[in-house]
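As written, the chain order gives the labels A, B, C and D, with residue 1 at the start of each chain.
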Amino acid sequence: MAQSKFEYVRKFETEEKLLPNCWIVVRIDGRAFHQFSTKHNFKKPNDESALALMNKAASVVMNEFKDIVLAYGQSDEYSFVLRKDTALYNRRGPKIMTYLSSLFTSSYVYHWNQFFKETKLKYPPAFDARVVLYPSDQNLRDYLSWRQADCHINNLYNTTFWALVLKGGLTNNEAEKRLCGTLSSDKNEILFSEFNTNYNNEPEMFKKGTILIRKRIKSPKHGKARLVILPLHEDLIQDKFWEKNSEILAIKT
Amino acid sequence: MAQSKFEYVRKFETEEKLLPNCWIVVRIDGRAFHQFSTKHNFKKPNDESALALMNKAASVVMNEFKDIVLAYGQSDEYSFVLRKDTALYNRRGPKIMTYLSSLFTSSYVYHWNQFFKETKLKYPPAFDARVVLYPSDQNLRDYLSWRQADCHINNLYNTTFWALVLKGGLTNNEAEKRLCGTLSSDKNEILFSEFNTNYNNEPEMFKKGTILIRKRIKSPKHGKARLVILPLHEDLIQDKFWEKNSEILAIKT
Amino acid sequence: MAQSKFEYVRKFETEEKLLPNCWIVVRIDGRAFHQFSTKHNFKKPNDESALALMNKAASVVMNEFKDIVLAYGQSDEYSFVLRKDTALYNRRGPKIMTYLSSLFTSSYVYHWNQFFKETKLKYPPAFDARVVLYPSDQNLRDYLSWRQADCHINNLYNTTFWALVLKGGLTNNEAEKRLCGTLSSDKNEILFSEFNTNYNNEPEMFKKGTILIRKRIKSPKHGKARLVILPLHEDLIQDKFWEKNSEILAIKT
Amino acid sequence: MAQSKFEYVRKFETEEKLLPNCWIVVRIDGRAFHQFSTKHNFKKPNDESALALMNKAASVVMNEFKDIVLAYGQSDEYSFVLRKDTALYNRRGPKIMTYLSSLFTSSYVYHWNQFFKETKLKYPPAFDARVVLYPSDQNLRDYLSWRQADCHINNLYNTTFWALVLKGGLTNNEAEKRLCGTLSSDKNEILFSEFNTNYNNEPEMFKKGTILIRKRIKSPKHGKARLVILPLHEDLIQDKFWEKNSEILAIKT
């Protein structure tokens, strides 16, 4: 069989290695999840089961790829941070991003029934992924701050929007118009004065998203310490988070 | 909220557009599928259900992305060919490969029970993907020929190997040694003389893999023609396939 | 000496190989040549010596790199076409473009005195370069047509502009305003009616630029044929040029 | 003129932007300079005029591109370091490397006569260039240390080699064999015991190469300070150099 005659086609493949000594971030994003969430009756503005399933899928990925030092998720997206010196798949970008998004997706579908006992998964969802490099610790922190600030902005908007619609009886269009041009303070005020809701008391997972990190925890049973993946819903924009978890940026092979 | 302060991090993202006027091939490949197939008791040398599930997942992908003009699968891999002039995701390589591999994986898990009624899926599988460009029709044909020749070589080997093990009572090691250095003709001879098996009579899907193409088929019910995805198990190395399905390479937007 | 301790820095280098089976075009472009031409009193609208020097520099490049099958120059730019199957520098893009632009620049300075006997070169000029891939012959022809059409448009504009300024006594600003929004036919008309100039009779090198190709020519002396670089000032947009010089696209290693 | 019909070919161009917040190093390297130095009778092991011309060409480049904070040259190569935050040509890699190598080459030819009064330039030389990114200050320092260590190793070898040939009367082949497998200490010993040469007393420019940095210097005439490009022949591997010239790594726009 003239296998060799055709093998020249391998020369058309490229080997895209990511620059060494940079933080590698892979961000996964749901495809057409607006529609997906509607079809599966996700609660508005936040569906706890849906977020818990995202966190579960992210944990599977983090458990499989030990070089992920932190993951951050909100809404239908998740960012995975690989240590600067990772040699995973020889730092080939396409390999890294396709495996991570594939395993994330796979776990999402695999664990669906565990989180949605009543709602059947109607069709297979998909997540795209991109890979971004950040040379400095500050760049990485700013990236994560950007995503968490995004989470806050969207959640405040959505919380107010759905209060206006579900409790206030406005149509979607009316709610959108009402919120057009409003500041954060305006939205806080609407929630407080019209719906008796103090935004500050909303669940931290909704306001801050979910941070997954590895922590050495002593087992209550036998007292032995072991690394576990810990979900946190904290502010990661301020220095405090990074001081408390200083091992994340300090990590070395 | 100082969203804007952090947004500079978007400048670290790259936009990798694939060269225009080239065939885009996305090849998906199972991660650690040797282990996966063992854990799920796939029949050796070929598991029809597993192959049928691969074909199903590929059909879902092909149905979703209309610019895929042909897909070719064998073992735990699938290649998708996008038309030369596709504008899918603005020809951004990472977007294309992550969505395709994610949807493929998702469908694989989603439809598992339909193909494996007795065997529960034990853990979420993953598939990586790569994207390769082929400038000419001949390059594309040679790529597909390369994969089909690979299918043949592997299947002949596996068929003989598992005959030696399952019917001949050899250990894996003994079978491996027995086949070391043998030519195709030797393997054919072993199958024929020792196991009364004519390799030519083996199922076409095992020997040739599966080609998915779109064909306009008249509905037997109402007589209207519509595009369906047709699975074929034919030789695509010879000219005949391309003459019979000349619309594949001739395709224009 | 701890050479080895530092050598890890080589891993930060990338190897950018150009896709096989594509025409490679390297386009070289003068840096700030508007200013350069003013400082060196280039004749307006076209300086024959300056163009001849460009052609000379391009010939040196083409003579050095045998895989260049055609070069096309106009104004302060030159495009070099490398055969689809060239293995020059292992198809590493940066290597190819930096060597070509460097040798072009070098030759431009080296041969300056030969073309500008009266005018001293006042400072070292620079040329940037870019590399572009074209998968099909049609794409390549369209690229070259694009540059030649650009040459025509610019030359017609410049010829009219400088007629208005040098012969018509307009200021640069007035000439610019006069030409603003005019069609080709308008410019032809201005040249004809106001300056008694039939644009069609302008030198072909100005209107069409310069094409360099290799031709096997019989020496008038000893009658032996040898490959020479031939400058042409012809239309390369029409089929005729490609029919007459069919070896260019047909070329194989 | 159907310019627009052809303009689609621009879509085949790529825009390769270099990752932000990384040191950009452009290394220029002479093409076939072994032959070039022979043809132009460069003195062995080091030709001061040739090195001075390299330094001159590098100064021109550094003078033109203000974002170059340091340049380092040895033999027929020169490395230019652009500040981490440079926005030069929008950080397009090909543009940066082709302009730098072009201007370097141009200046080399332009200033040849100034450094080689007796020797005519016989043909136009060429320099290739590559661009490499270094994310951290340490990576950058290690890169420069790598080049300076390389300078030392080569210079010690060449000094000994040419002593054996020019003073010792060995053929090139014999000298090569003599040095095969020798350590630095062996070469020092050969120089000292056989040629009465203490390598430590060799000119610093030969042993260390040339570092170009910008320094604010007070004019002896009018006392006003201004930035000048200063050539140094110092050790840049040790911390001392970086402490003394701490503004280089601290530089901000």
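Criterion: contacts are C-beta pairs under 8 Å (C-beta built on N, C-alpha and C of every residue); 3 or more make two chains touch, one makes a residue touch a chain.
All values derive from a computational prediction rather than experimental measurement.
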- Query: Residue numbers at the chain B-chain C interface: does the shared fraction exceed half, giving same, or fall under half, giving different?
  - Reply: same
- Task: Superimpose the Cα atoms of chain A on the matching ones in chain D and note the rotation angle, 0 to 180, in steps of 5 degrees.
- Result: 180
- Message: Report the chain whose CA-based centre is farthest from the CA-based centre of chain D.
- Response: B
- In whole angstrom, what separates the CA-based centres of chain B and chain C? 46
- Item | Mean-CA-position distance for chain C and chain A (Å) | 51
- Item | Separation of chain A from chain B, taking each centre as the mean of its C-alpha atoms, in whole Å | 31
- Query: Among the residues of chain A, which are close enough to touch at least two other chains?
  - Reply: 12, 14, 19-21, 133-134, 139
- Partner chain B, residues of chain C touching it in the complex: 19-22, 133-136, 139
- Message: Which residues of chain D touch chain C once you look at their complex with the stated criterion?
- Response: 1-3, 5-10, 12-14, 31, 60, 93-95, 97-99, 101-111, 121, 123-134, 139, 142-143, 145-146, 149-150, 152-153, 184
- Item | chain A residues within the chain C interface of the complex | 11-12, 14-15, 17, 19-21
